[in-house]
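First up is the structure itself, then whatever we jot down about it.
Labels A, B, C, D and E are assigned to the chains in the order they are written; within every chain, residues are numbered from 1.
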Amino acid sequence: APRLVQAQSGNFRIGLILPMTGPFASTGRQVDAGIKAWLRRNGESVAGRRIEILLRDDTGTQPDVTRRLAQELVVRERVKALAGFGLTPLALAAAPIATEAKVPMVVMAAATSVIVQRSPFILRTSFTLPQATAPMAQWAAANGIRNVATLVTDFAPGLDAERAFKNRFTAAGGRIALELRTPLRNPDYAPFLQRVRDAAPEALFIFVPSGEGAALMKQFAERGLAQAGIRVIGTGDVLDDDILNEMGDVTLGAITSHHYSAAHDSAENRAFLESYAQVLPNVRPNFMAVGGFDGMHLIAEALKRTNGNDDGERLVAAAKGLSWTSPRGPITIDANTRDIVQDIYIRRAERRDGQIWNIEFDRIPQVRDEG
Amino acid sequence: MIALGTCHLTRRFGGFTAVDAVSFNLLPGARHALIGPNGAGKTTFVNLLSGALPASEGQVMLFGQDITHLPQHARVRAGLARTFQVNQLFPQFTPLESVTLAIGEREGQGATWWRGARHGAEAARLLDDLHFPEADRTRPTAELPYGRQRLLEIALALALKPRVLLLDEPAAGVPPAESREVMQAIAALPRDVAVLLIEHDMDLVFRFAERITVLAFGAVLADGEPDAIAKDPRVREAYLGTAEVAHG
Amino acid sequence: MRIALHALPWLVAIGAYFAMPEQLPLLSAIAIAALFALSLDLLVGYAGFVTLGHAAFFGLGAYVAGILGQQGWGEPISGLLIAAAVAALLGLVTAPLVLRAGELAGLMVTLGLGLMLYEAANKAAFLTGGADGLQGVEIWPVFGAFRFDLWGRTAYLYSLAVLFVLFLLAQLLVRSPFGLSLRAIRENPKRAAAIGIPVKRRLAAAYVIAAAYAGVAGALLAQTTQFASLDALSFQRSAEGLLMLVLGGLGTLYGALIGAAAFTIAHHTLSEASPQFWQFWLGIALVALALLGRGGLMGALRRMTRR
Amino acid sequence: MADPLLFIENLSAGWGEGLVLEGISLRVEEGQALALLGRNGAGKTTLINTLMGIARQRGGAIRLAGTVLDRLAPERRATLGLGWVPQERAVFRSLTVAENLTAVARPGRWDEKAVYALFPRLAERRRNLGSQLSGGEQQMLAIGRALMLNPRLLLLDEPLEGLAPVIVQGLLFAIQRLVRDEGMAAILIEQHATQILPITDQAVILDRGRIVAKGASSQMLAEPALLERHLGLSLH
Amino acid sequence: MTAFLSVLLDGFASGMLLFVLSVGLSVTLGLMNVVNLAHGAFGMVGGYVCVVLLNRMGVPFPLALAGATVAAGVLGLVLERTLYVRLYRRDHLEQVLFSIGLVFVLGAAVDWFMGARQQLIQLPDWLSGRVEFWGVGLGRYRIFLIAVCGALVAALHLGLVRTRFGAQLRAAVDDGVVARGMGLPVPRLFALTFTLGSALAGLGGALGVEVLGLDPTFPLKYMVYFLIVVAVGGTNTVIGPFVAALLLGIVDVLGKYYVPEVGAFIIYTAMVVLLLARPHGLLKRADA
């Protein structure tokens, strides 16, 4: 009968499960490239063990496939860590495998609050929506916006964002004029935006999955909402660096809050951009990429701390409480929640040197998930 | 008692009336022919009787029971069987399979799911009676020559042991020698089975029929003994032309 | 000789358990996909009724079994039976709608109903967990003795056993007069009605049976993975089931098994070898098969053995 | 000697791998009608379908007015002058009667009006779909459709089937006129030999894929024993 | 009231787009009876060609549209001559197998060359922004869509369905063997029509980039919608799918505006109800 063999030498295998095809393929490509960028920069050997990545495609839509892939990776390929996880349901489906197999599971992209609670072996290097959203609500309230409509995609992260925004914004004395949820599939934003126009709020808060922001922003401009005096605020997903530049002038002036912008001004980020460009030329890294980069860093650091011992419980223990300076800024893996604590930036879309960037102009330090 | 009767049976297609208030009776054991020009509404009439088409107006009675609104299969259960002018067969089934299936349905075993089909022997006997060549019985129907398919068309109806049998041009495409055999098999059906024959082959019609109804433009043009029909000038003009009519 | 041929797939399946102890999760996935394809074969292959919404029954079965397990009734076998019954009930309720419309429209009605159920499950998050999937499913050991383990041993043997039993039942069914009448309806519904076959009722029966089968397949998935998600109800699931069936060959029952195995293995191996571009190679395989082989893999096999 | 209109030599043909016809040799001159007789399954339809390039020709030669047809696609044969009335009629179901005629029309004496004059019933049903015609109406349409091609050689596979006696008379008369007066040639298949022998010039009897008798139609009519032997037909 | 009109017009435009995207399928599936689920893939190719012409080569938008149409048409022609010809007489389900395979291949190929990211275009000025009529606003691009689509419907109806060509095509579909026996050049008819269907798909894909976005999952993402339009509209016509697309577009947009909570339910329910009421298509009566 098969058995988990406790190998302490040889390659350290990481099972990386990502949506490499399907509607969320760009997430997978970014995370994967982020990891490759880290390996290129830091070498493939950690604590005397060669890092070996086994990449699997979960197509982004099938939790049972994700689960099966995780199961196979631990049973057959004997990976010592699971990583990746582009979407919440997929991460949730794999969580029991991590628990049962006792391997660390590093969530690099999925962003709903609950995920980390589903297994004591889960660690997160992406972000959570409440974490990114609350500062936006606070900023809006502090900058004289009293009356906001919200528009989010109707799935778990969207609901997280909606709730977080509402709580924080109303607590700060603001008013939610209208709450709209758009379907995940075939969203035609026109009718929703028409309602926003009818309601005439001072600003529209938006969360949509990355990639969708383009259509939404175009519609926003076409309907003349800006002329009607409605501002756009949102989380960074809307103005994803991946396609921000192609989205064009309609984005200019939009205010978003997020943990990473490719325009972040630091030595770490410049180094990251450089190695990333070697992996995926002509593509700007986005917040998914930095989640992959930092996730790889987290695994490597933990492995260093255990001196190459790949016991899952020891790895997780070693990872807890780690702090370092990431391309996005200073971050910490909370020792209790295993979730990420990081700075959130308020950014404005601006044109610099012919390209459009999210330029950070305000910072809320060390934000925790309040999910 | 009337085997099959209609009362003001009407069928319209859009603005076109294909069957126009036809009242018609078929007696038990009748050997009755229905003739008429092309497009007179004969096939439509059969479709109304068998339930393949719903009637626009009027009634259909089978042995005193109103079957106007019964679905097709219920009419078959009640003893009404038909053949089609254009072959309607199961192309991938062999003739033996097709007939076995029909017999099984007749015996009410079509919903049986826990064992195989029976009645193979009875099917073989029926095909024997119709002189259906042995070699053609186990080939897929689609590969059979046309004439053989016509014969199978009739075999399927006979397998149902109907009390009323509607035949829509059974002899078309069958050589005269064989069609005579077929008609003999039909004539040899039990005397209480009523048969309604639609046919354009006047030899066959006058050999077979004891009574003839002529349909034209959806309505009954004439009805009576073969001799009277053959002499009726209206029928000659609309349908028979100058054809010689054999008397059998 | 014939018997040996019939036993072959099952011997292979049992052999695989011993030969590939590390591939059991994949093998279970194949068994479940095979059962789903089998249920489609009854409906599409035999009765000739194409559906694009069969995942509705699969997903319903999955959620029923999953919710039972979540709410404290984790007994697997009764879970399967209840899932089958609920799926059959949905089949019974929707059959008149689907059959009313006729061929192309009926096909699209199945699609529409499937999509509606998907949306309903998405909205009913309190019951289904919505887009996050159903959490906290606990399934008890089979016969109180065999726990669903990490290696997937129990999962595989359990799925295989269920598949085997239902396959035998399906075989009985298609060889019976009932099965013959379904084929007759597929071949020529007009004549079928004229020899006294209640066409709609038979099709409805086939629809309900296929629904129950699909429900069991879904329940198996939920039980062996202890999880259920919206994707079990998705159009993609329906379409994939059809692909497997056509790939294997319609109207043979074995085609469903072979198609499910071939498709799942090809998908798995190709996507492992090339996580980004596996669809290219899978696509080439499907195109080639469609061009070369009439009657799918079963057709090709038959032609080979006839030589 | 000039080529006849249709020249068939030592033809063998069938469906798929199977062989149905063997050693068929025939010629049809312009302005001639040929009766093709034989029991069910004798291969009459197969012969016509081979001429059309639909059944598979396995050996021998077919020439139409000197042009070798052997490898030509069916549509080429039709444009060279074959006018086909298939046994199953096969009218185009989703086309109206008028469309059935005009879609295949080629210039010549036969146009929509001429067809309607031959079959007044079709004129009445002009806007009906092909699938909504009665059996006899479909037969008329199939014949009319073939005439619309203005062919040199008509191939009529049981054209009388399902037609009312009065229509049959008219049609037989029309075919006779076509052949005698317009110089069209025709091959006619019919189960009732006695109906077409009077209007054809020569006759051929097929049995199990071979020609078993051949001769002038008038002569055949005069030899009931021959017909009876090969067709199982007693004339009275 | 003006809000209602505005939303109604949006629905109208959205239906028009749906029509342009699906009309190619009503040609291949509806007229030719080929279950070409790869329809969306031709649309995707059109979309990518448009993006490349526009963004990388700076071709003006109308020319890029034409380029997309031609490119998809040529691709369709090549594939028809080499592959689709072999499938005409096959089972519908085998056509499904084939065309899904083709979707996978083309999707992966596009991914290889262009990546998996969303592709975006910038419209020329004369097509961006919005005009107001009596207080009812409508985007310029949507007006453009309505115009293009109206022209297409008229052209297709008069030039394809109601002509001798259309009758010959339907004859070829009804019975290809007999049609050839009647002298109709069936292979050529099919090749031409398939090319037309693919070209229309390409045009639809190119027109859709601005509104729907574009990535390699495009063919599968919208497949269901194409099928709905053709099924609800009925085969053998382009007016039917046109009405169906309009109806679905309007119902969908109005539903999202007035009862956003019900989400995608509305369009599916509308489809099922329409199908049950008119199983043979919007314009056909059941027994006709």
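Convention: a contact is a pair of C-beta atoms (placed from the backbone, for glycine too) under 8 Å apart; a residue touches a chain by one contact, two chains touch by 3 or more.
The shown structure was predicted, so the numbers you read here are calculated from the model rather than taken from an experiment.
> What is the chain whose Cα centre is as far as it gets from that of chain B?
Looking at centroid distances, A is the chain farthest away.
> Any chance you could check whether D-E or C-E wins on number of contacting C-beta pairs?
C-E
> Hey, how far is the Cα centre of chain A from the one of chain E, in Å?
Going by mean C-alpha positions, chain A sits 35 Å from chain E.
> Taking each chain's centre as the mean of its CA atoms, how far is chain B from chain E in angstrom?
Those two chain centres are 47 Å apart.
> Measuring centre to centre with CA averages, how many angstrom lie between chain A and chain B?
Their C-alpha centroids are separated by 74 Å.
> Two or more other chains in contact with one residue: find those residues in chain E.
108, 111, 263-264
> Which positions in chain A are in touch with at least two other chains?
21, 25, 29, 154
> Two-or-more-chain contact residues of chain B, please, as numbers and ranges.
13
> Within the complex, which stretch of chain E touches chain A?
Residues in contact with chain A: 3, 6-7, 10-11, 14, 55, 108, 111, 115-120, 122, 128-130, 137, 139, 141, 210-213, 215-217, 221-222, 225, 252-254, 256-257, 260-261, 263-264.
> What residues of chain C sit close enough to touch chain E in their complex?
It is residues 44, 50, 52, 97, 100-102, 104-109, 111-113, 115-116, 119-120, 122-123, 235-236, 239, 242-243, 245-247, 250, 276-280, 282-291, 294 of chain C that touch chain E.
> For the complex, give me every residue of chain E touching chain C.
83, 86-87, 90-98, 100-109, 111-112, 220, 224, 227-228, 231-232, 235, 263-265, 268-269, 271-272, 275-276, 279-280
> Which residues of chain B touch chain D in their complex?
Residues in contact with chain D: 13, 36-40, 42-44, 85-86, 143-148, 169, 172-178, 200-202, 238-243.
> Going by the contact rule set out above, which residues of chain B touch chain C in the complex?
Within the complex, chain B contacts chain C at residues 50-52, 71-74, 76-77, 81-82, 84, 88-93, 97-98, 101-102, 104-106, 109-117, 156, 159-160.
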